[in-house]
Amino acid sequence: MTLKVTDLSVGRGGIRLLSGVNFALVPGQALVLRGPNGSGKTSLLRCLAGLTPPLAGRIEMAEDAIALAGHADGIKAQLSVAENLQFWAAMFGSANIRPALEAFDLIPLATRRAGELSAGQKRRVSLARLLVTGRPIWCLDEPTVSLDTENVARFAAAVTAHLATGGSAILATHIDLGFAAETLDIRQFATPREAQQNTDPFAWDAAQ
Amino acid sequence: MTLKVTDLSVGRGGIRLLSGVNFALVPGQALVLRGPNGSGKTSLLRCLAGLTPPLAGRIEMAEDAIALAGHADGIKAQLSVAENLQFWAAMFGSANIRPALEAFDLIPLATRRAGELSAGQKRRVSLARLLVTGRPIWCLDEPTVSLDTENVARFAAAVTAHLATGGSAILATHIDLGFAAETLDIRQFATPREAQQNTDPFAWDAAQ
Amino acid sequence: MASIWEYANPRKFMTTSEVVLPWTVGIAAIATIGGLIWGFFFTPDDFRQGATVKIIYLHVPTAVMAINAWLMMLVASLIWLIRRHHVSALAAKAAAPVGAFFTAIALFTGAVWGQPIWGTWWEWDPRLTSFLILFLFYLGYIAMWEAVENPDTAADLTTILCIVGSVFAIISRYALDFWNQGLHQDRFALFDGESDVSPVFAWPLVTCLTGFGFLFVALVLYRTRTEIRARRLHALLAQERLS
Amino acid sequence: MKAVIARDLRLAFRAGGGFGLALAFFLIAVTLVPFGVGPDTDTLRTIAPGILWLGALLACLLSLDRIFQLDWEDGTLDALATAPLPFEALAFAKAAAHWLTTGLPLVLAAPVLAVMLNLAPAAFPWLIGSLLAGTPALSALGTFGAALTVGVKRGGLLMSLLVLPLYVPTLLFGALTVTRAMGGFDALTPLAFLAGLTLATLAVMPFAAAGALRVNLR
Amino acid sequence: MKAVIARDLRLAFRAGGGFGLALAFFLIAVTLVPFGVGPDTDTLRTIAPGILWLGALLACLLSLDRIFQLDWEDGTLDALATAPLPFEALAFAKAAAHWLTTGLPLVLAAPVLAVMLNLAPAAFPWLIGSLLAGTPALSALGTFGAALTVGVKRGGLLMSLLVLPLYVPTLLFGALTVTRAMGGFDALTPLAFLAGLTLATLAVMPFAAAGALRVNLR
């Protein structure tokens, strides 16, 4: 279940953002992506999750290993919290959603319409979805946004439990995650200007 | 320009969340609302901004004093960053947007389509809007979400400058804002159960 | 050895088209203007239709080119789909408005023609109607290009649209034949024995057909060059941002 | 207010904003009719006024969801609520912008389609006149419907349900004007009614719309 | 796949989801026609098949933007992309759900409206038959259109511009079946064509739609 990335280069909107990205993620490991706004964390995660094809390089991992939780919550306002999770459980073929509900203290909210939740409550639902997927590799984009300290702790507990059971996680964040993990500063992969050029066929001999 | 709140009670979705809220906000003062997820920070701010009418109590302040920055960014994807701000400038009758752009280092992004910005970059645009409004009282709901440290500092600078010029701000947040301010824990206003009942005319003699 | 695909490189294309463009323009101008003058002033009036028959010199070439334009777009799109050559995608984009324009002219001249012949400006004749639908497909295709920001995404989406659209354009043509039997002139062979167009009319018509063919090529080349310049501008600006 | 109109027009011209799309839809909708009812010219001529008016009406309808929905989803409405511009003015500005991007193009395109449905030449000026007098009402009523349904996700269909009945009088007088002109009867009376209706709508609707908006923002 | 259909149906039944709205729109649109073209019964009878088919078509069209747009905006599509279910199956499920909530009700409601437009009784079974055979194609093509325009904000109008031309053959054969049945001609041939067309569409469209989705998610 290791994720191995070699010489990956990632683009967004026709621009090459990152190049020569190399890292490996072994079971039980958590990797935190750090970098200033607009440095390409989200783009990298979307690329790992297979949403955007890489411009170059290889991503080696098992089939259907990744679960993604992006900036958007992916919650249906009309459905109750439980119904939302049940849908994802059905999609990923996992049986019961109770552990997920308990992990993020969602039992009291289970019957509420998801549209009537506060920002942080919505966030917890979308994090609970990760447990339901049963996927080994978690790609999380700023997971602790608008969570209070208590729920940050719950999140940390969930992640450590996931790691303990041989899972792994790669997280992008600017704020505290509530647990210790090795960080990867992606500024080192920022594409230098000259490399920039030959990605776009229309930018021939641009002035340096 | 003082904002004075007396015996305010706030509801959301037919439920009374907060009651007996009392505080005053004088020029040059910043007040940070703290409280767990779902405690009613957003609801309170929306009430102060006049979006939801209070269930009871009074909010005293001058006409057209408030500028609100909520969870949603309020940015038009098709327009450039500058165009977005120009629109708000026109709406609030303020002249030029340059200081706002500079305050959040948006000059390099000014011509970019707002839809192509990263989460933190979008956030900065919506914060820049506050400067453009020229309103004295800022209501900010988790303003520093998905900002990197550098931009949190910029935000702190903008707020302190605003306070220095006789403005005031009331902010809801879970994370560090980059500047010191007195906090107001809203849990003390949480509506007790018995008070809860008689708000809803259909909940007569419910079991205690 | 130089493969044809080299011309799909934008830079190569710009240099080559720069040389080719003037010639195509020249031929287009000569053939079109010459053919039209020949047709309008140096051919006898038709015994049934009188002078109105001369519209054929505008009507038929535009009509034929309108269809060929869509075919060219289809081919270009497929090339983009298979070989990812940006120029071919841009060529398809550039051809669309030209094709739509030709279609409009064919419909308009047809309408003008129909007035004296059928006594009505518009008939829901299968041929005409299918052209109207073709026009709608052009509009949709152009709108799709306009609507999507990212050029590569737009190219892919319009390619899918173009393929599906072609299939349905053909289906609707047959559906229409089933729906209403038309008044319209059938396709005709120009020079076989019992041709319904005497060589007197045929030769200038052929000249016009070639003329409009080259006109199309010239216009597409020109617009493709413009599109490439726009993309280049975009790319260079993007780089400015990064530094 | 000018700022709002200007912005909406700009958004409409931008990629994905879809200026001229209403026009294209009008064209298609009218083109589809003969496929449905058959190519017979006389039938088409008789139903031409109704079809043209229905087409215009539907083209308006389909572009209504742009009016408030996006501003609501991305929080722009919340911010606008705190702005000095009252919602009444906002509603009016929105309606105006919608008419400029939808109604006006339809008016200009109608004659072409009238030819295709071979409407009687005598009725052309009346067609244009009635559309000019009627479409503003469609935009105004549409703005009201949009304001009512702004809270509902994908309210497009619900909105058409609410709005279509409101459109009936406009449709009636509009189509009647053209039919009468075609038949050589007095077409001025329905046209006058139509104009009056439109003026009344424009006068009242902004307030209703503003009220609906306030409720939806709670 | 069942999960997707079940969820979409549930969403449709929930507040704002708008089950039966398509139906209501169908009713209103068709009832508006007499206002437009005048109450003359013979004219109405002659155009009845076309109107009914056009009404059904528009009702489908108006509910298309629900298919993918919401899932795209709230990030559900991103998450679905990582799910084991391939996009082809997803597209098919979406089309099925759309037909169950839109096409099917229309088929059931059509006879009522047919009475209102006093369609010839002989044509009733053919009307129902043609709608049954045709509407699935409308849903499938609509899904494709929705997939193409999912990235475009408020792409509703653009989508209709793309989809309506694709609807032409279905509309032609569908209306023709009924008209012919009304006139007492052979109506089986167009119906056969219609059915064939639908089957072909259902077979091919999921792949086109899936392709479009993948492109849009990049």
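Order of writing sets the chain letters: A, B, C, D and E. Residues in each chain are counted from 1.
Here, a residue touches a chain if its C-beta (ideal position, glycine included) is under 8 Å from a C-beta of that chain, and two chains touch if they have at least 3 such contacts.
This one's a predicted model, so the numbers in the text were calculated from it and none came from an experiment.
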| item | value |
| --- | --- |
| Chain B to chain E, fewest steps along touching chains | 2 |
| C-E compared against C-D, more contacting pairs | C-E |
| Greatest separation from chain B - chain, by CA centre | C |
| Chain centre separation (chain A, chain D; CA means) in Å | 45 |
| Distance between the centres, which are taken as Cα means, of chain D and chain B, whole angstrom | 37 |
| Centre distance in Å when chain A and chain B are each reduced to the mean of their C-alpha atoms | 28 |
| Of all residues in chain C, the ones touching two or more other chains | 133, 136, 139-140, 143, 147-150, 179, 241 |
| Shared interface positions of chain D, touching two or more other chains | 15-16, 18, 21, 24, 28, 35, 38, 70, 73, 153 |
| Sequence positions of chain A contacting 2 or more other chains | 13, 71, 78 |
| Residues of chain C defined as touching chain E within the complex | 133, 136-137, 139-140, 143-144, 147-148, 150, 153, 156-157, 160-161, 163-165, 168-169, 171-172, 175-176, 178-179 |
| Partner chain C, residues of chain A touching it in the complex | 13-15, 191, 193, 196-197, 200-204, 206 |
| Interfacial residue positions of chain D with respect to chain B in the complex | 2-4, 6-7, 10-11, 14-17, 70, 73-76, 78-85, 217-218 |
| Chain B residues within the chain A interface of the complex | 13, 35-38, 42, 71, 116-121, 123-124, 142, 145-151, 174-176 |
| Chain A residues touching chain E - in the complex, by the definition given at the top | 46, 49-53, 64, 66-76, 78-79, 83, 87-88, 90-93, 129, 133, 135 |
